[in-house]
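For clarity, chains are labelled A, B, C, D and E in written order, and residue numbers in each chain start from 1.
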Amino acid sequence: MSDTHAQTVRFVRESMLPPAEPPTKERGAVKWVRENLVSSWLNAILTILSIYFIWYVVSHVAPWFLNGIWDASSLSECREIRDATLGPDAEAACFAVIADRWQQLLFGFYPQDQYWRPVLALVAFFVALAPVLFPGLPKRMLWFTAASPFVMFFLIWGGSIWGPIFIALGFVIGWLVWRFLAPVAGPILALIAAIIVPILYWYFVAGLAATEAGGLIPIGLERVESRDLGGFLLSIIIGLSGIILSMPLGILLALGRQSDLFLINKVSVGFIETIRGVPLIVWLFTAQLILGYFLPPGTTFDITLRVIIMVTLFSSAYIAEVVRGGLAALPKGQYEAADALGLDYWKSMRLIILPQALKISIPGIVNTFIGLFKDTTLVVFIGLLDPIGFSNAIRASTDWNGIYWELFVFIGVLFFIFCYSMGRYSLYLEKKLAREHR
Amino acid sequence: ATLDDVRERGTLNCGVTTGLVGFAAPNANGEWEGFDVGICRAVAAAVLGDPQAVNFVPTTGQTRFTALASGEIDLLARNTTWTFSRDVDLKFEFVGVNYYDGQGFMVPRALGVTSAKDLDGATVCIQTGTTTELNLADFFRVNNISYEPVPIETNAEAQQQYLAGACDVYTTDASGLAATRATFENPGDHVILPEIISKEPLGPLVRHGDNEWGDIARWTLNALIAAEEYGVTSANVEELAAGTNNPEINRLLGTEGELGAMFRLENDWAQNAIMAVGNYGELFEQNIGESTPIGLARGLNAQWTEGGLLYAPPFR
Amino acid sequence: MATTTSTDPHRSGFRLSQLIYDTRYRSITIQVIALILLVAAFWWLISNTVQNLALLGKDFDFGFLGARAGYDINQMLIEYDNSMSHGRAAIVGILNTLLVAFLGCITATVLGVIAGVLRLSKNWIVARLMAVYVEGFRNVPLLLWIVLIFAVMTEATPQPRDFRVLDDGTSGASMLLGDTIAITNRGVFIPAPVWGSGALALLIVFLASLVAIFGYRRWAAARQERTGQIAPTFTVSLALFFVPTILVFLVMAFVSDRQTLIAYGGAADQDFATFAETLGPDGRVSACVVPGTTEALLTRRLLRGGPAAFDLVPVSGPEDAIARAEAGECNLVSLPPGTDPATVPAGGFALTDSPRAGNPVEFDVPVLGGFNFEGGLQVRNSLIALWLALSLYTGAFIAEIVRGGILAISRGQSEASFALGLRPNRTMRLVILPQALRVIIPPLISQYLNLTKNSSLAIAVGYMDVRATLGGITINQTGRELEGMLLLGSFYLALSLLISGVLNVYNNRVKLRER
Amino acid sequence: MTDTSIEAREIDRSQMRVSDELAIEITDMNKWYGTFHVLRDINLSVYRGERIVICGPSGSGKSTLIRCINRLEEHQSGRIIVDGTELSSDLKNIDKIRSEVGMCFQHFNLFPHLTILENCTLAPIWVRKVPKREAEETAMHFLTKVKIPDQANKYPGQLSGGQQQRVAIARSLCMRPRIMLFDEPTSALDPEMIKEVLDTMIELAEEGMTMICVTHEMGFAQAVANRVIFMDQGQIIEQNEPREFFNNPQSDRTKLFLSQILGH
Amino acid sequence: MTDTSIEAREIDRSQMRVSDELAIEITDMNKWYGTFHVLRDINLSVYRGERIVICGPSGSGKSTLIRCINRLEEHQSGRIIVDGTELSSDLKNIDKIRSEVGMCFQHFNLFPHLTILENCTLAPIWVRKVPKREAEETAMHFLTKVKIPDQANKYPGQLSGGQQQRVAIARSLCMRPRIMLFDEPTSALDPEMIKEVLDTMIELAEEGMTMICVTHEMGFAQAVANRVIFMDQGQIIEQNEPREFFNNPQSDRTKLFLSQILGH
């Protein structure tokens, strides 16, 4: 065939070549520098600029930081120490303020001997989270997850143990009503009853019962007022309760937004868009200034609680959007399979759709939480003592008036550590989910 | 009524600032301290017999009135200027004046300015959400000179801006100026100008409509002032309560007459208040007086007998 | 098939249970219940509000918007002073919000795109640096950044006082670009343009060159379609953008006439220096000028150079100026070029060294005054700090979006393009960017939305945005929380609905067509 | 490829009970998607124990037809009576019918967050209200039947396609349906896996389950079907017993279709 | 399955012009990824009009080799001369070579934001500077050749895989390259679609295009290749004309490889 040309085609390699080392300029540090730092003129310039920038920043910040004074009781003492050891023109941070006030920045006015309680509450939170994050764990742990909000509430606020118990009982009652009424009276009536009965119970029975029980068997922890919460503890409480409490509402809104029912759909959309369209700080001022107008005359509850309510409403709109994403990511076949097995709407949501959609949404929820956690700093504008609020209060004491950077650096670093690790975690989850999802 | 609420609760909810040197700030143990705080404690001592039975609610310039109006706090003891519209339009009741203040200016000595009228074209740092900005606008308008306002949310920031030279002048109440200057690294480099451009009678206030509660707050403040006038101090109050030959003191301390019962308090209400925080003069000296770093002189806040404006109506 | 309408075989009478068990009626039942609940909830809220208002003795009334505001705003894009109304102050605030949001969106985009691209750079150190930037800003609250940046800016830049030349001839700081720009910790002072007589012509030329650029591009595209020749568009556009306008500017500056300066109180045929001397040591030059004109600007420059103290008397026009001069209110009058000196009323004479009427656009350069720089345009520190902080913060998020967008375009796309012989820059323009933009723009716009909402943190640096004016001082002074917050909320809501409306339109337009 | 094995074990049709009782009766049924008329005047009676194969070109409405039978789609006119209950918008009827009609999808649609066992017990527990232990026993029974009892505690993602499809069948069976609907149960599978699934279905057929199956596996049709229905453009074009249908199609449309699938 | 049809239309090889002119000459070429030696001492001469098939196990460096030819990868030592131009870091040479060498990827890499027609005219307009109308005519010509002229105004996302791959071929052809490189052009396709694409390639081969094709479609290799090259571990192990190569492989490595692919 190919005898039309003279070249001989046949070739068979007799001996295999061993792999060789690449030429020197392709190896080691030389290659790394060449490829990573100076691969072109533009890159070389950028490298030089970057190195200069880093040097500039470090040379200005490092002495201040390294000269930091940790042991003093007031700013003026700091200055004396600095003048004595380094000379009056030296740059030196006065970290003594942190040594002096770290408890307040972290825990606010929380009683010092009770610090174990918020810490334990945080641990409880992670334990509660475990079965959600690691499907391998026994399902029974979900009971603890359900109970954990009450446990955390009890740990942080203290008081009689009966309060949380009787409130939790309301949910159990609601569930029982639903359970027994649904087969008899149909889902809609049962649902309404399951909402109304607990409300009546809370309104008329729970408070009384809790007081009675507290009188009979006084078990409880020292009560801590909301206004004693502050610093990072407050940020975490607002952020976490915002996310946890907004889950049910967020899920309902997401379902509402997916719904075919015109009215429900439009109400959900309207709520979500309104909340998302207005800055959180405006909502916080709303909580502070005008929430009282909307409640029956005479109702007052403290500002921390009002903020939590507002933040819950706020984050529920964001959660709704995240969950909607999760719902939309589920293949239609899942809905159909559930229908075909004869599951009704709520059952298929609860057993089939939501468990999957929520799992997909976890990274989004974590990201929402990070955003919310950062945004809790805005409560400073309505007079709550979050870390930034506390930094102002600390500056208002005669000892530390005039101190500035050290507090902000401390707060910034703490926020960074917290948010960055959460962010990494959500990234990890996202990758893991992407791998699992086909 | 507020009194019943407070008794039932067992604590007094008292609004203070989120932090103002000398007037209210938490210390390292988380206890609030300061001149305004003293008023709260005095009222708590008078009503409940316990100066520690106070919940301090930090408020900002923006949030303080709503907090009071909504009932979140029973008493607002935060440097709040008594003005007509606040009293009448916003429906609050000022129970008296605990500090006669006035808005002043502080400038760096290096500028060589000696009068506020020389400030044409100056950049002025002000704290927002107070009457300060309105006074300032009026002052410059009246004198037909121009200025550039730099509104700042907190004292700490205003201080930082002023020290860095981002504004030529820092204006707030004269007490605040003094307190701020006291903590500067070189206080001598700054002068407070002689002009006081406004009257700033600062006083505690309560909701309109509950006269009994308003009376309690008013007379607690008056008791502190009167105590100074009569030489009753926290040190000798117990001794004097045993009975003196000054009927006025006796009435004040409840050893004579039934003043306390008239507004449903114990008869030793004033004694408790004075024991808790001292008389007005003690409170002043402890928190903002000349012996403290803040170093305010009594000035207008001296007793009327010493040329000041403090004048407690008679206890009878 | 005739489209027979659905005839239900069992049209047995309507049973009540159908409301719940029949899919056709069920949705109506649910919605009616929802409607009842909704109405009840609203009724509850409103009745509570009404009761509360009554209890507090307040009413619901927007009349306060017309009342005198009484406070000053340092930055205003429209005229405002403290005797104007709260409503006006709110509008000033709205404009300030829009300004910082607009500026922020632009710089955040630039920063974000640069950081996003650099983060993918092969340059290790640059990539790391950008990662630090992005993570640092994303993980620390914006409020902290705003406060920190504001403080750093005040500390790191000189105060106006430092610009003063000391006795030994040195000064702590100096202006940039030939003494035209001053960077201080009160803001950046830049020359402000003053529109002179030729400004309109200049504007027309500029607009014409914009049209020319557009026309050229169309022509180039059409020619490429016809002949395949690719004309250089970028350089030509750039040239068209600048050259004609600059040329016209120079020409007009060169041919511009001299303005007429008429002095009172000296002897005829004097120049300005001699005139100023004749006024004696205590003499003051009072110049009648029309504010905001180039003539006024030039007169002031001349006066500033002279030995005498001076002040400027604002007048409404040449006639007014002469009338005032005759009334003795001023002893120097600046008249536009072309005014016949002969019309000067008795006692006045034209100076021999009057300045040129000036360029079509003159620049009012800031100069150091008593406390601060005067003249020019002050970009305040609060604006810069907020702007910078919002841009850096949002830029970090945009960087991630851009990076994601670029990574979403598989490497195969650029390889395919290279294999077809397209150069890297064309590959970028024709293949990568059009695709990446589809991925990038939707989240980008929601970042714009976030930036706009975050601008309400202006409170931290004392920038007078709408939250600070309407939602801050106004509410605080009038006690109208309900009305004020309602207005504030509606403003933000309207803005965000507008932006997301735009987003939806875009999304629908660029949707990739698939099977 | 799989044809031979199926042919080899052709079922003894005489044993298959086909009663006179109607399982499904569809009369004059029409359905529109918007203005598009997908199903036109469908008339179909299926007797208890019958095994029906539906085939036809893509888009002819096969899936829609069987989805109408358990009301995953609503029909607009005509009647569908399943097991004596008429399908209307009454939710109770729908629930009743769905728990009696099992459905097996082309893409399995297993619940990925549940184990195989949980997939199978979910519906019995929540719909039939069977005690958990009993539900698990039933599930294991059917899993054994489809020959994957040892996979019970795995998650669907850990199984092969064929195994997943068999789980899907077991899942429907656990509801003890009287009627099974299959919608192209093998078309998402590799050839080897197709065999596994078809074997399972043949076993079911042997037990006398009423089955409607949309499929193009002609080997299967020939082996187990009582009737083959050919649909095109939303209409039933031809129906016949399988041997006749394949060897001697009447309509031109059917001939064309058969020539294509048999040829390729 | 597709083998038969290709076999049937085996090209009259005598008609195929294979000149003595070198199209591609690779001498002693080495390439490393980091320290990993992917291509070792490659020597290869391709004559104008030749059709070369490269095969070998996964990871043997086939893709890398052909990507070096149009400089999508840089080689570190040795020379590559394409059409008389040596590949160096000179940008002009690279541009020249790339516009003469067409490449067709396994995953098509069509531009999803452009219509089929725009995909085909993009490079001619911007690289060859051809007027748009002319470019469109050429594009339609080649689209007709690959038998999808009627899809010209659709977007890639709207076509099937086989159609997309044919567009990819048409797109390269529109640049009128003298040499075509194919990197596993059919491995992302369904069997039916493979046939469409191979048919197209065979037509190209008939017209005497110089082609280098990485593929494991042995039917295709036997039908059109002048030479089959077997690579392993970055080296050319064996090359031969197809019939010899398949029937009588010399190296053990080749034998093993062939036994695997032919067996499956």
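As a working rule, a residue touches a chain if its C-beta (ideal position, glycine included) is under 8 Å from a C-beta of that chain, and two chains touch if they have at least 3 such contacts.
This is a predicted model, so every value here is computed, not measured.
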item: Minimal step count in the chain contact network, chain C to chain D; value: 1
item: Which of A-B and A-E has more C-beta contact pairs; value: A-B
item: Far-end chain from chain D, centres as C-alpha averages; value: B
item: Middle chain, criterion being Cα centroid separation; value: A
item: Centroid distance [mean C-alpha coordinates] between chain E and chain D, Å; value: 46
item: CA centroid of chain B to CA centroid of chain E, Å; value: 88
item: Inter-centroid spacing, chain E versus chain C (mean Cα positions, whole Å); value: 56
item: Sequence positions of chain D contacting 2 or more other chains; value: 91
item: Shared-contact residues (touching 2 or more other chains) in chain B; value: 62, 66, 153, 160
item: Where chain A touches two or more other chains at once, by residue number; value: 285, 289, 292, 380-381, 404
item: Chains grouped in pairs wherever the two touch, ordered by label; value: A-B, A-C, A-D, A-E, B-C, C-D, C-E
item: Residues of chain C defined as touching chain D within the complex; value: 1, 3-10, 18, 20-24, 26
item: Residue ranges of chain A touching chain E (in the complex, touch as defined); value: 1-2, 4-7, 9-13, 16-17, 19-23, 26-27
item: Footprint of chain D on chain A - complex, ascending; value: 135, 331, 333-334, 336-337, 339-344, 347, 351-352, 355-356, 359, 436
item: Chain E contact footprint on chain C (complex, rising order); value: 224-230, 410, 412-413, 415-423, 426, 430-431, 434-435, 438, 512-515
item: Touch list for chain C against partner chain B, complex; value: 56-57, 70-74, 82, 147, 150-151, 154-155, 159-162, 185-186, 369-372, 374, 381-382, 459-460, 462, 464, 468, 472-473, 475-477, 479, 481
